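There are structures below to look over.
Two complexes follow with chain A in common, the first pairing it with chain B and the second with chain C.
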Partner chain A sequence: MSDSDSEEIEYQYSDDSDSEAEETAAPQEDSGDEGKEENKEDKEKALKTPKSKHTDANPNAPPTGGSRTSQSPHSDFGSPSCTNLDLPRLVPSSSLKSEMQTILSEIIEMLSIPEEAAGALMRSFKWNKEKLIASYFDDPERTLEKAGVLKRVRAIEDRMESAPNTPRTPKRSSPRATTRSTSKICPPAEESKGEGAFLNCKICCDDELTLPEMFSMPCSHNFCTDCWRGFLSNKISEGPACVYSLCPEAGCTEIVSGEEVKSMCPDKMSEWEKYELRSFVDLNKNTRWCPGTDCTMVAITKTGSGEVYCGCGTGFCVKCGEEPHNPVVCKDLSLWLEKCQNESETANWILANTKKCPKCATRIEKNQGCNHMVCQQCKFEFCWICCQPWEDHGANTGGYYKCNKFAADKNSDDQSDAAKAQRELDRYLHYYQRYHAHAQAQKFAKKQLEQTEQRMVQLQDGNTNTSWIDVQFLKTATEQLVECRRLLKYTYTFAYYLDPEDKTGKKERFEHHQEMLEKFTENLSELSEQSLDKMDRTSVVNMTRVVDRFVKNIIKYVEDGMEIDD
Partner chain B sequence: MSNNLEFCSSFTRRQLKEIAKFSVPNFTLDQNPTDCPPGSLRVSFSGPSDSLYSTENFLLRIRFPTTHPFTSPEIIFDTSTGLPSPFHPHIYSNGHICLSILGDEWSPALTIQSVVLSVASLLSTCAEKVRPEGDTIYSERVGDRSPLLTSWLFDDDTV
Partner chain C sequence: MSADPRIRKELKECGEENGSGVFAVPISGDIHNLRGQILGSEDTPFQGGKFNIEIKIPSGYPFEPPKMRFITKIWHPNISSQTGAICLDILKDQWSPALTIKTALLSLQALLCAAEPTDPQDAVVAEMYMKNRAEYDRKAKEWTDQYANEDANEGPIQRICEMGFDRPSAITALEENGWNEEAAVNALLGM
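Up next is the complex of A and B:
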């Protein structure tokens, strides 16, 4: 947690210094590019992309579109260190183009590179602006070549120099070969033999072609327009990888851009752009598609981290795409999920979905969220997690929820491998059992939330002087319950990865927070599941507040590095 | 590569020109081979001298998918007449060849001749006559299916 925070700060910092570096370095980079500047503006006007200049609009302005962009259902859950600037935004896929354009405009301006090369350059650096800038200032030639745009950039620069005021047009086959050296691997492009001579296309082997029938990318490898069309449509029909297509010439590393598609296959342009946007989101660490079924919203962040709650009802972590999982870091979560996957057979064998009543052995299926069980047969009260009598959990017997702490077996001095493995399995099962119990309870709470509106209607109907606002407390309480179950679930993953031998008291303190949250969550669960005639608004509202306090406490404790300060 | 792969049953203008131009010493091209689907070519050649295969003879079968030349031709060592598929770290016993220009690095400007020469050069640079790892499993699983339907990973730049 604290790691990612410091990363955020560093990130912003380097961002600042980068833009400064750019301001000082840029003027040296381009001598005599007044023409280029003018031209860029022409181009921008021509493109009519409203967001193409990054200075005009607030890039963090909430996008238009139906989905909620709130960070969390409880908007004050977010970490206090998160400034508004760093909050993830959700945008519909229809505004991806302008999002991408905003980033491209920044890089075009910063590096003074032609627009046609910017997309491929950013793609080759997985949309990591900082890395691209660093590499470009280190070795522009290599950076451009690696991205497959060296000849494109040079050709445009040459054209600018020779005719600074003519607006750029997509080129038909240019009779002049580039003045720059061609790549070592691919054969140099043949010099055209003047207007009269017939030309040969190396793809269809037609050797009676005339100049207007030919087309080339800036690397000047000429092929006939029919073959270009065939080549490009074939690449696009092969799918998302089409954005990495290279010149048809064997060994040539110049990359195909939207320019060629626009000139040769205008009918395929929309498909091409779709793949460009898709690769923009897929490659970019700062963006992620909402994993909700059939949802096309995209989360966009500054830092590549954060939690997003989409309007489709899906919550996800931007970094790993899983359900929001604080206080656990992504790496531990993925280890944990993998472990649960591997151990699932053992664990499932041990953890049946039903339990026997510890007293009369009647099979009991837990179908509601609370861990306070009452056997319907013998009325015995017990805790679902530890199967011990519920009365042992009373405050007067030394703590309500003693079952959240894992106490290693007494014979822990047995150092044989078998005993160690047994202890490790016990330790895992302890945490898994509780993780699993809260995961189940979270599902129940979600179901409960679905039925809440109906219950609210009934509650309102039951009392004549009750308004709709008066019954909102039930929804708030149930939402809180879902969030608590989610959080509690991951506190067990988190605790599993804490040092079991910890002597600093941090772990103990964490378990104390966890215990408090667990205890009051059970209370809230019980209160909110009450039948409507017994529903006590005041105590539910109070308990919701209390639980919220404990949620914040435990999150803050972890975020502050678990330092014991009070 | 899509799963419904179709092959040309006759040669295009480009292919006919390539066939006419094909000229490599010690390589024979048969444009009307027996026991092959129409539209197939066969190239017979003997192992490059100075190579581990100098005493062996091989047969390649070439077919062109309808998307050719935008996608690579299918080219395999033909074992149907009893000639072997060479023991080579990139050649499977069912005749499939793992070669980058037949996959990701295919360029429409490559020709039958350049592809055949690339395959032959695989043999001349080989230092040890072994089958690729997992050859038995791969060959059994894939059998006669076209190599164009296999996703190849090219991880060895040395041979």
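Up next is the complex of A and C:
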């Protein structure tokens, strides 16, 4: 739909101080530069690695404050051979059990607690090992009680102690002293009567039961086995919260574990384990389910942050679960999404979907990725973002791609609340319209990606000398396009939360990077949408590389704290 | 496992006139559909009041809590003045199968003595409780005298019972219709 003669001229854009410009003019030189860049990264990795390895080798060593890097405060996950410790891993749900077991084994060994109590302990600390350890060394009694495993731990310790030759660590305190706090709220367990005497189950109210018909957790609150089965299967049928079930006795805080389920409801054990694993992933801030439909992969990280691209085609941020959204931080993204949702009912939102041709006023809906519009009615060419003639965007006018810059209204000295609100709304709409435009373009690019394979086949068929490898460039370009649209979208969210009054030049510089990326993304979009007979492989390949460069530049600029190097 | 034997046993222990100040009886012989009553404690604005409670026993009982609701209108921060819905932890997540209908009713009686205005069911009542305690006491007593005074309403109850309805149904219908006898009869006749 768009075909611009001014393309060549746009390429020759030059800005004396800019390295990007050099690459634009001569993209072939890129490889050299990238090589240097990689070397630098390698060096950085090499510097980090020994430190991290040191931490791994001594998991029991006390933390030495400043010597630990902020990137590796946790040693929960990841094989030691992995060089980049921050990189999220994706594991299938089938290996979750072993992942969980690895962490549990560490905690069992470190705190010398019985295996049966470790899961509930970790759950009560949301799988934050450091917090659990700190709390446990501060007050083991209270930590165990809070997690509902105090009596379980003490009972097992007693059993170990009475058995000879047990390598258990010594008991920390008298188990009897610990029942004090709970005895107030729950009645003490009935002393078991001699054989022959009948027992009473407080659930079914049957008072002609014998000891073998009764069962209790380590808190010794006896109920008949039928009622236990009923109680446990009822809890499990209620869903994921079953892992927090407490003893059926009113006021007793002892928590149900897999042990009880195993002996009373073995048929429900697999369901119970499923909920245990689910709560492991849900509670743990270092893990997240892939949000892809029907996908059961889990991302595991060390720091609880990072971006993951799952094999099912879904990309997500481990911290918040949204689509990867750099350079915007999760908090700003959630504010932004909420804001957009609140404002979406307004007519402005509808206006963002359709626009009138600036010349003939025909309503136009944008259905392809490029911002270079050609009105089907009057053939007027304009920019979708600013509705100005497309020719103004060429180098000849010196204007380039200025539509990403928001110029505050001239009469900004009007300090009335209404005027301020109007200005704020205008400012929001400025960023929202551009955010929305790129979001739409991202959708189109994704659709285009789905059709790319077909186009590649056609392209190969149309040319006898072309191999399948030769047409890969089209897929690479379209993938790059999707990524650019995603990034551009979020650059507007990011810019919205930058200080509008910024005088340091940081914002201006950011907008410059954004402008460059936007300009070349439009070019790439146009080139890759060409009909196949006009497809120029070399320019698409070059443009893909150039655009990739701008993507890296803008991300690096933000990562480096937007410091302007002279 | 059917909970019916347990429910029957429970009902035996908390029938009318058991001396504890609370009781529960089945409506029309249905042991899953009970009418409970609690007496307002002395030295509270609810003193002398008889408060009727709708009790529904779910199929998951006793692993699930009984569903309770005040039928008698009551002015209390933790009970809706409109619907009679109750905010009490043991009727929700703190329920334990070792608790009973009687212990739940006794907990309700205790709730009338000690309100929890920080966890309110009725925000209007809770605000009055916090800001103007005297006015709250006055209004709670006024409602007790007006709605929870069965003796004063004995006449209409008797007349409806004479029409062939059982007493709990008659009281429910009257209470749900603000003690308007004609409206209550219409409701009972399904008109």
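Going forward, the second predicted complex is superposed on the first by the 455 of 566 C-alpha atoms of A that agree within 3 Å, B and C clash if a C-alpha of one lies under 4 Å from a C-alpha of the other, contacts with A are read in each partner's own complex, and residues count from 1 in each chain.
The rule we apply is simple: contacts are C-beta pairs under 8 Å (C-beta built on N, C-alpha and C of every residue); 3 or more make two chains touch, one makes a residue touch a chain.
As the structure is a prediction and not an experimental result, all values here were calculated from the model.
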| item | value |
| --- | --- |
| Clash or fit (per the criteria above) of chain B with chain C on chain A | clash |
| Touched partner set for A:203, first chain B, second chain C, both or neither | both |
| Touching partner for A:234 - first (chain B), second (chain C), both, neither | both |
| Partner chain(s) touched by A:248 [first = chain B, second = chain C, both, neither] | both |
| Contacts of A:226 with chain B and chain C, given as first, second, both or neither | second |
| Chain B and chain C contact sites that coincide on chain A, given as residue numbers | 202-206, 221, 223, 227, 230-231, 234-235, 246, 248-252 |
| Residues of chain B defined as touching chain A within the complex | 1-2, 13-14, 17-18, 67, 69-71, 101, 107-110, 114 |
| Chain A partner contacts - residues on chain C that touch it in the complex | 1, 3, 5-6, 9-10, 60, 62-64, 90, 96-99, 103 |
| Chain A residues within the chain C interface of the complex | 202-206, 221, 223, 226-227, 230-231, 234-235, 246, 248-252 |
| Chain B-touching residues of chain A, taken from the complex the two chains share | 202-206, 221, 223, 227, 230-231, 234-235, 238, 246, 248-252 |
